[in-house]
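Shared chain: chain A. Partners: chain B in the first complex, chain C in the second.
== the complex of A and B ==
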């Protein structure tokens, strides 16, 4: 198992960063978050075509680049840093992983190449984004190949060509393919606290759907873990950006005749934040290394997500507080990341949920879960 | 087979052959002090390891070390951990003073002092803090006068850990009273067994007296025991602190070390959890605290590993040791908090048969862990260092 990035991976990061630095400036983010689509089609095409990122983790046999969680983490970390707005997370990461894990071979061959090339945008429709244990209560396959129910929050559904829907059946959680525009399908965009990630309510009323596979409990959890690892990378990238820009600000803003960064209360807050960031980063990168090698503790993704949630929020709070009044203004960019921090904090499970999940996994592994006690 | 696996095989065989039963598992470790008699096995183990240079495996052979590479040192420690062998020798000479002297000492000083430290022939103590100079160490006032071929030293040191057993003290003294406070300090080596040195043990909140007040009244240090240049001891003193902190935070320059010894500080949260708690008694709030601690400690280990790998080549610890000192000491302290909390009222024992050895140990470690955020520079001071040196924030 790798424990550090290789030189090639560092170079790959630089390529991604160079692209995003110019294609996803704060100005771009502001423009896109105000638009209803929420992404720039030309930039998305470039990102899929020239840079080839949409299929980063999709195997070559399905038209992807054939990399794994580590490279995907790198891409996401940079996207988080530059607050990239686009369907990468919904389509490549969420839908991509669900398909890779749960779809049958023929559907993988049929759908994944379009996702990898960016020819189609997909999204994963889960009726619960708080806890994997609660998925499947609201979306149900009533008859064979007919799905009904409501998913109140779905990322980028408003621009999706394909909806990959997880719906419960008497035989477990099925994975269904629903095409945009299907009869009985309604997608209502919602205004969210974080306008950089577009959310919609998806309701299905007797929608005809193809069953393309199954998400057993363990596959669902695996998918959840993979998504959380990616999300945690995105979050730590954003946290890093907030930290750097805040630090810079404390060195230039002068009050009482000295830079505010010379005040001890601020110094200590920055020092604490540096520590939190560095240690969270280690945990998050570790999660990707483990997932890539299928090794390591079962809870690495939960650990990564929990630490990312706490760290990003802390960086965001400091980002506003240490800027004083200006940090609370619309002109200043901090609030863009602040809002992303908040939405990511709860998305795919809060820090508390993930700590509890990790604890349960440890207890199960050591066998002193009450249920298993002899 | 690679050279390293050959080394591992040979090391394993030698350790099995030579490690006495009496030094396996937790217990006393040789300190090199000439004022203490150690149990037979402890003495034997130290001597056997010293013969190979393995009391200080990474030091060069000419100074009594083992001349091992970083990887070999790691293998040695792994193999020692494998059979539960205690470290053969730990003192401020092996951990702090030795590495500093390797960098700043003259050939003659290294020959004279390092070889003795490596053989377990002297214990050292640290004469830094004074009653008026704690966090603001550079304001120290202990005076050393240049008397031609020796220094005459007058002043008081405090919190000198292990002074009562030490043979030598490395000491920061003021040699120029007119210079700016960081500029008039020198780093000298003072023999403890002389008329001018008096030590008086201080009792701690934990009831032990592991450290002392040290009075210097016309104490003498030889001129050849001035390390580095006169009046430029601050740089050396600071480097030594980095070695000290890297040890405390657990970030050894070799990124590996034998398991720590103290019986109880080692009590793992996991074990306590297993023995004391079942799902019905642990409150959700405490559960969250436990798991949060576990995450932070896992992240700490991972960051250590990462830093260790990045620092493979550079052997001297940098300012980032303060990051590890600050995070690591807090983590260690929090562990003791959680352990006693998990034990409930069983975690309140100091003596007596109502309490198990572990429980008494936990209570004692809880108390003594309060020192880790003070010694070697308090947490507040570490945060100052990080802000200044790592983040470049202005004064």
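== the complex of A and C ==
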């Protein structure tokens, strides 16, 4: 199992970062968050075509680059840092992983190449974003190929060509393909706290759907883990951006005749934050290394997401607080990341849920007998 | 050399040389000559220049064969590693071998009643008289000083220079009439640290290390080695039973003395290892609030471990990214200990009111609860670590100082 990035991976990060630095400036983000589509088609095409990121983790046989969770983590960390607005997370990560894990071979061959190339945008429709244990209560396959129900929060459904729907059946959780524009499908944009990630309410009323596979309990949990690992990378990228920009500000802002960064209260807050960031970053990278090698503790993804939730918000709170009044304005950019932090905090499970999930996994791994050394 | 080659070389060497029937010091001298006493030290200094992983292979083979290694408990490591960096050839030759063989125990004479965090404010006096340094003053909180043969000492040699420039670093013999160590009882009942009085104590001229006036720079090396030790934790060497050979008996006797001040050190780190067993044994593991706190603790301790490993890997690969592993690790160790004590308290409930052999985990939980406050003080307080991280790592602007100019004129504690 790798324990640090290889030189190639570091170079890959630089390529991604160089692209985003130019194509996803704070100005771009502001423009896109105010638009209804929420993404720039030209940039998305470039990202899929020239840079080839949409299929980062999709195997070559399905038209992807054939990398794994580590490279995907690198892409997301940089996207989080630059607050990239686009369907990468919904299409490549969420729908991509659900398909890779749950779809039958023929559907994988049919759908994944379009996702990898960016020819189509997909999203994963889950009726619960809090806890994998609660998925499937509100979306049901009523007959074999008919799905009904509501998913109140779906990322980027408004621009999706394909909806990959997880719906419960008497035989378990099925994975269904619904084409945009299907009869009985209605997609209503929701007002999102974080306007850089577009959310919709998806309701299906007797929509004809193709069943493309199954998400057993273990496959659903695996999918959840993979998505959380990527999300945690995105979050730690954002947290690092906030930390760096805030630190810079404390060195230039002067009050009482000295830079505010010379006040010990602020120094100690920054030192604590650096420690928290370093610990979270190490745990998040570790999660990707473990997932890539199918090794390590069973709870690494939940640990990563729990730490990401707490750390990103801690960085966001400091980002506003250490700037004072200007930090609370619309004009200053900090709130863009603050909102991403707040919304990501609970997306795919809060820190609280993930800590509980960790404990369940630890108990399961050590057996239920009491008093024994784990 | 790859790990397999090292494994083979050390195995062959042990097969040819190791015997549990030898006397302890005799064996360690053989070890020293063979170059296996400190394989991570430089080749021209009793070692083999191995990195941490290679050295770990050597320790593993020693453990497998039950072979006794070099002496390592206590502040002797701080002394040895500082001498390795700053000592003269003569000092290395005289002082390092007896540290490795266990003939000499050391202590750290830095803190004083008037200056702890502000180590550079030390006011123990060193004066050169007839080719010898005469030392007068008091040190305090000196762990193991009551067992020590030598001490690493920071003392003032010039009172007219600014505080950092007037300090020098000495290697002082503790077994002399002018030095007296008195154990001090701590809040947890143990007495591992001491106050040390020096009255016309003598240090030969050749035992000033690194040149007069360079004490601060050298002390900084010692402190940084010390911080790394906190994050790494301490694992007292386990030996086999005396029946398996006389050397084990001698080794056990040595450890009993050397480890005596440290029996409570695992407790000051919070006994994270006892958390899950205790939670299961008491049934507290079913309490959702306790589960949250246990998981938080696991996140913290895993994060600390992984961050340290990643910093070490990057150092090794020659990355020039600055990773402040020492101070961050030390601060992390404090916070982990505090969280662990918090969790232990939740798990025990009202039983946390009890202490002693009859109480939880044979008194280890109670000892944990009253020992963790030490870890955020010893080796530089949490606040000082935060100062270091923010100023030296993050480059935040320094605070205005009121302790510049000749040391003589700076405001000090009245002692």
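Side notes on the structure shown:
The rule is simple: the second predicted complex is superposed on the first by the 368 of 374 C-alpha atoms of A that agree within 3 Å, B and C clash if a C-alpha of one lies under 4 Å from a C-alpha of the other, contacts with A are read in each partner's own complex, and residues count from 1 in each chain.
In this section, a residue touches a chain if its C-beta (ideal position, glycine included) is under 8 Å from a C-beta of that chain, and two chains touch if they have at least 3 such contacts.
Bear in mind that the values here come from a model prediction, so they are computed numbers and not experimental data.
Overlay on chain A: chain B and chain C clash in the combined arrangement.
In the superposition on chain A, A:21 makes contact with neither chain B nor chain C.
In the superposed model, A:364 lies in contact with neither chain B nor chain C.
When the shared chain is aligned, chain B and chain C each come close enough to touch A:3. Contact with both chain B and chain C is seen for A:259 once the two complexes are overlaid on the shared chain.
Judged by the touch definition given at the top, the superposed model places A:145 against neither chain B nor chain C. Residues 3-4, 247, 250-251, 258-259, 261-262, 264, 266-268, 270-272, 274-275, 278-283, 285-286, 303, 306-307, 352, 355-356, 358-359, 362-363, 366, 369-370 of chain A contact both chain B in one complex and chain C in the other. Within the complex, the chain A residues that touch chain C are 3-4, 247, 250-251, 258-259, 261-262, 264, 266-268, 270-272, 274-275, 278-283, 285-286, 303, 306-307, 352, 355-356, 358-359, 362-363, 366, 369-374. Those residues of chain A that touch chain B in the complex are listed here as 3-4, 247, 250-251, 258-259, 261-262, 264, 266-268, 270-272, 274-275, 278-283, 285-286, 303, 306-307, 352, 355-356, 358-359, 362-363, 366, 368-370. The touching residues of chain C, when paired with chain A in their complex, are 276-277, 280-281, 283, 285, 288, 291-292, 294-296, 298-300, 302-304, 306-307, 309-310, 313-314, 317, 323-324, 328, 331-332, 335, 383, 385-387, 389-391, 393-400.
Residue ranges of chain B in contact with chain A, taken from their complex: 270, 274, 278-280, 287-288, 290-292, 294-296, 298-300, 302-303, 305-306, 309-310, 323, 326-327, 380, 382-384, 386-388, 390-395.
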